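Some structures to go through are shown next.
The same subunit A turns up in both complexes below, where it pairs with subunit B and then with subunit C.
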Partner chain A sequence: MEDKNTPHAPNESETQKNSSRRDFLKNLGLAGVGVATGAAALYSGHIFEAKKDVSGDQKVLLTQDGKLVQVDSLEIKALEKTGVALHEVEGREGIPGRRWVMVTDLSKCRNARKCINVCQDAHQLRPEQYHMNTLQMQDTPATAPYNMPKNCQHCDNPPCVAVCPVDATYKRPDGVVLIDNERCIGCRFCMAACPYSARIFNWIEPKDAANYQGQDYNVELNVPQKVGTISKCLFSADRLREGKLPYCVEACPNGVYYFGDENEDAVTNGTTKETVRLSKLLRDNGGYQLMPELGTKPRVYYLPPKNRLFPFEEATDATPEKV
Partner chain B sequence: MRFTKLLFIIFIFSFGTRLSAQTWVVPDDQKAITAPFKFTPEMQKQGEQIYLKNCQSCHGLPGKDNWVKLTPPPGDLAKEKAQIQTDGELFYRITAGKVPMPEFRNIIAEDDRWWLIAYIRSFNPKYIQPNPVAKAAFAGRTVTLAMEYSDPMKKIVVTATEQLKDGKTGPAASVEIMLFVKRYFGKMQVGDIKTTNTSGKAFFEFPADLPGNQEGYVDVSATVNDPKNAMKTTPAQANFAIGVPTLKPGLTETRAWWSTRGKAPVWILLTYTLSVIIVWGFILYIVYSILKIRKLSNG
Partner chain C sequence: MTMDDNKLTFDKITSDLTHHIRINKGFLIWMGFLTISLLICLYAYSLQLSKGLGVAGIRDYVTWGMYLANFVFFVAASLIGMLISAVLGLIGMKWLTPITRIAETIAVAFAAVAGLVIVSDMGRPERLAYVFLYGRPQSPILWDVTVITTYFVLSLLLLFLPLIADMAIIHRKVSTLPSWLKPVYKVLSLNFTDHPEQNKIINRAIRILLILLIPAALSIHTVTSWLFAVTSRAGWDSTIFGPYFVSGAFVAGSAAVIIAMFFFRKNYKLQDYLTDMHFNNMGKVLATVSLVYLYFNINEFLVPGYKLKRADAVHLHELFVGKDAILFWIVQIGGLILPILFMLFRRFRKPLPIMLISIAVLMAAWVKRYLIVVPTQEHPFLPIQHVPQNFVHYSPTLIETLISIAPFILVLIIITLISKFFPVIPLHETAREKGIEHIKFD
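Presenting the complex of A and B:
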């Protein structure tokens, strides 16, 4: 007999109801967890997808060490130029608003050869390689002999630049003529074109090449030097950038060199550090240029070797003339 | 004969004594001067930089004995000859100079000259710095400069004022003033040294043809010419639009024979292009004529 009013009956139906509610809650919970898991999976998948290349546009690039790599176009970031690349840009642009000029006073040169030594140290040159050299001069048998420091004249109409087939040697807006050893193919046209014989060629491995291995090439210093390429006086372009006088100018103990900016009409003596007016210095002392008849318009001026009464001795790097 | 020899020897000796008499004497009051501060390792480092820039070319590196063989010899500054001197003596020699040693008064700032001495002293282990004498104890004239440009007069007017005994300030008369303009590698003196009048003013004519920057501005500074270091001075600095406005184009901006293709002279470009067109035109004309003759022969 089944008594529906017995306390069990409602209990049973309640149990059934309860169990169905419990199941419902259980299913709901399960579904919830499932949805959450699914969503999480979808989301992480989305992140994963987002992390993967989106554009699908693959670029083939050459790395600095010369390897070809494939990179998605979205992953390419522009970098600020540093090291060699920065030197390349700076070295071509020069220092804006300047026109460097050098004045060499021949009456003061006593062949101390300090300019030569410091230049060779700075530019990794062998003792027989000269960016700057002092020549022994005597114009006539009756006139006083003198020493003539001679470097690149940094012409405003440079024949060397005109003949370079690869734009390796170039003139900068600030007047300096530089050579990019990374571009130079070693054809030596510029050496032949230069009427001042200012250029040298690295026929053999440069001095202490091993010490300079891995160093960033600086076009304003020509270091590290490269075998099979040209090198020449740079007016110490790296030092001008720092507001310092060129190596040779500062090393001279006899006050031979003046260096400055033609636009400012001022040159500074490397020894006394005295700054004087360029136009007045040239006018008062009879300043002249080397071989002006060639129309090269040099940026180096010379003051004549007047009052050079001290004796002229044979001097070499081994035995410099007494100063 | 013997007499002439004797005369000759006497002559040589007198010459030698005269040479030695030409030594470089430092005034006693300058010898006693000491640095206004205690030397620190940082100052020595700063001093080293100044030394490498200004002194190394003649004196070589201290302790290395690699100075340049000049007359008189510059000598190694780490050696006893330099180190037995007082700080004041070294300071005086750097400041005043004596041919062939340059005068660094207007080239190296006063503090920097002391740093230089700090560096030179770092090569002397026995050196003990005398107690620094603070500058406040200074008894000489204290001169302050001011500068303005007078448009009607077209002159730079430098006014010198000094601290008077009663604590007031008044015009500083008969002070020697030097005027400088700033250039890329250093200061350039303009005109001669001028002495201030009774109202403490000195007038400088500024050269009409001196280049300034793009707008004609020039950095001008006035300092007191005080070789004996007897005054405590404050220089004046100003920026006046009195120079010639200078904006010269870069040397690669104009078209030139030697420049790259983009900057080649127009006549070269025209002549070259024209000659290429003429030569090729001639060749094409010949080919065309041959073809025409062939056609005629075929016909």
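Presenting the complex of A and C:
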């Protein structure tokens, strides 16, 4: 049985009306396609005319996001200043295929503090601002004191990155944790969250700020430093891009640091330039991580301060002045 | 009751509750004082804007200082709107009627200022919009921004809806009203004529708001506690931080309401409406929430104190017998245990003593926030070495103190303005409860 009054059953005249409307729409569509084709033809003609003044001299250039492109020399325009951060894009992507890792051998650290100096120079830091700091540690009253260089642990489960409200600090696929001081709002939640006290803040105008005015910001070096933003150890991301070892690793006179790629299972000592197997180094020397119980999964390993060939000395360096 | 009696009573109520709505000398002097004080504090903030956060005493280890303690305190005090109006109101406690607007005013003022306070703690306040442009939902800061905004809007609506009827009455019935205010009230009264249908809509809207207010209020302070509890630091790494903060918030808020009640009653001559009974009952509320807070305090300190894990041991040692011990015990004994003991006795729940107790409780509440925020950062997991002495121990600077005072002045300004230009005690509702069924509007 069919209900004649159901609104879903159109009568004949309605069907006719619908079909004539469909025809109209079809015609309109055809007309539209025609107009669009004509316009496209005119436009491409115009482009062809415009393209006539080419020199034929093709240049190969590197774009800001790291792609190689070919451009006609006449189309190259010099820019006064980009105003765009260096490595803005690939600084977030990291170096493909790498998993950077650091090993710090505590049995060799004599608190020479060369790593600290070179780091502070590279990153335009004040004397009290440390990406890398050498701490004088003593785990229990009965155990021996030792020097422990401490930098950002570049955690694989970084508490700082989790709490950042604006994606200013981020974890790269190659393991490095960076900070973008063009993005940082200065809330310092990351400092509160970091159990390693690895982060510093630019409380006042950074060191020699006037000298670096107008310099493009490089996210892989975090310079120029900017007042009101966070700074931290970057595993020398700028050096890694050049295929070099980090500043601190290379500056150490005592062979404390190894640095390398976990994927290759190889780390290189910054002083001796000797390359060894990462897994073997950690296994043979009892490698460990700082506070692994917190679940942060650090990318910095430590070798215990055993068999030291020198006595522990209280640090004599002067405490930096009040800021 | 005859019509004449009715009229008399209503006129009396109207005049009692609205006679303060006029600009007098006392008001101008008070506002002038607040404005000048605020300008001084704003000058301090302009110094911070030009020189950076370094003008404050906070440094790399104690990176959150008075500003953040302030923020937690303001969020805490704003929670009282939920306790008084929503929780107790929905249960049906009739004696609350004259207190609801005071509680809502405090909620609106503190919630609004809490949003501003947090900007004073930003290294780059001009990038505030980034929180919305690049916001990451993983960050508790984003949750905080969301829930505080929600709570503020809900509280503002809850303050406004019962005011519609009051403003309709005022712009028609109050002859002493300043002439420039009349049209303002007329617009804000939204053509209210006390029609039963209008009352039904307003009452239903208020009821919905009250119900929504409970989860929103619980969220704002729970999320604020999570700013600390999501880290692994000793003193913050706690699973009961949410309820610990919420119960502490009720203590601070109840105290703020009692203080406000006392001064409104005195300055606006509301003795017939805010009676000893109200102070007595609010004293009982404050005692109850203080007992709940005491219970959470015992949990928060006794359990880690029993185990004494290495980092907890250092933290608790500083609080119990170390550097922060004096402040800690003043707050716990003077701001919590003694007030509870006093409030058990009826004679301490009279207006003056309960107001004095509330001042002690409120001041202790602020110091408690300071003790939650600062000491934890003074002993991180790894030693603090090779940095200047002022990095090791936090001491606030003068500029920082002035900037921290500014939000208190702002709250006083907001509360003063709201209470000055609107009836402190709900007029329409009070008339209803005194048996006046329908108000004639012509």
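The rule we apply is simple: the second predicted complex is superposed on the first by the 228 of 323 C-alpha atoms of A that agree within 3 Å, B and C clash if a C-alpha of one lies under 4 Å from a C-alpha of the other, contacts with A are read in each partner's own complex, and residues count from 1 in each chain.
The definition used in the following text is that contacts are C-beta pairs under 8 Å (C-beta built on N, C-alpha and C of every residue); 3 or more make two chains touch, one makes a residue touch a chain.
As the structure is a prediction and not an experimental result, all values here were calculated from the model.
Peer 1: Are subunit B and subunit C a fit on subunit A, or do they clash, once the structures share the same frame?
Peer 2: By the criteria stated at the top, subunit C and subunit B fit after superposition, with no clash.
Peer 1: Looking at A:R172 after the superposition, I want to know if it touches subunit B, subunit C, both of them or none. Which is it: first, second, both, neither?
Peer 2: The answer is first: A:R172 touches subunit B but not subunit C.
Peer 1: Give one of first, second, both or neither to describe whether A:E250 is in contact with subunit B, with subunit C, with both, or with none.
Peer 2: first
Peer 1: What is the contact status of A:N133 with respect to subunit B (first) and subunit C (second): first, second, both, or neither?
Peer 2: The answer is second: A:N133 touches subunit C but not subunit B.
Peer 1: Would you sort A:E220 into first (subunit B), second (subunit C), both or neither based on which partner it touches?
Peer 2: After superposing on A, A:E220 lies clear of both subunit B and subunit C.
Peer 1: Considering only touches as defined above, state whether A:T268 meets subunit B (first), subunit C (second), both or neither.
Peer 2: first
Peer 1: For A:D105, select first, second, both or neither according to whether it touches subunit B, subunit C, the two together, or no partner.
Peer 2: After superposing on A, A:D105 lies clear of both subunit B and subunit C.
Peer 1: Can A:A162 be said to touch subunit B (first), subunit C (second), both, or neither?
Peer 2: After superposing on A, A:A162 lies in contact with both subunit B and subunit C.
Peer 1: By the touch definition at the top of the document, which applies to A:P96: first (subunit B), second (subunit C), both, or neither?
Peer 2: Touch status of A:P96: first partner only.
Peer 1: Name the contact category of A:D238: first (subunit B only), second (subunit C only), both, or neither.
Peer 2: neither
Peer 1: Once both structures are aligned on chain A, how many angstrom separate the closest C-alpha atoms of subunit B and subunit C?
Peer 2: 6
Peer 1: Across the two complexes, find the residues of subunit A that touch subunit B and also touch subunit C.
Peer 2: Looking at subunit A, the two contact sets intersect at 159, 162, 167, 320, 322-323.
Peer 1: If we count contacts the way the header does, which residues on subunit C are in touch with subunit A in the complex?
Peer 2: Interface residues on the subunit C side: 51-54, 58-61, 63-64, 121-124, 127-128, 130-131, 133-136, 138-142, 145, 227-228, 230-233, 377, 380-391.
Peer 1: Quick check: in the complex, which residue numbers of subunit B touch subunit A?
Peer 2: By the definition above, subunit B touches subunit A via 53-54, 57-58, 68-71, 102-104, 107, 183-189, 209-211, 214, 246-253, 256-260.
Peer 1: Considering the complex alone, what residue numbers of subunit A touch subunit C?
Peer 2: Of all residues in subunit A, those touching subunit C are 128-130, 133-137, 150, 159, 162-168, 183-189, 191-193, 195-197, 199-205, 227-230, 290-291, 294, 315, 317, 319-323.
Peer 1: Taking the touch rule as given, give the residues of subunit A at its contact with subunit B in the complex, in rising order.
Peer 2: 94, 96-99, 112, 114, 156-159, 161-162, 167, 170-175, 243-245, 250-253, 259-261, 263-266, 268, 270-277, 320, 322-323
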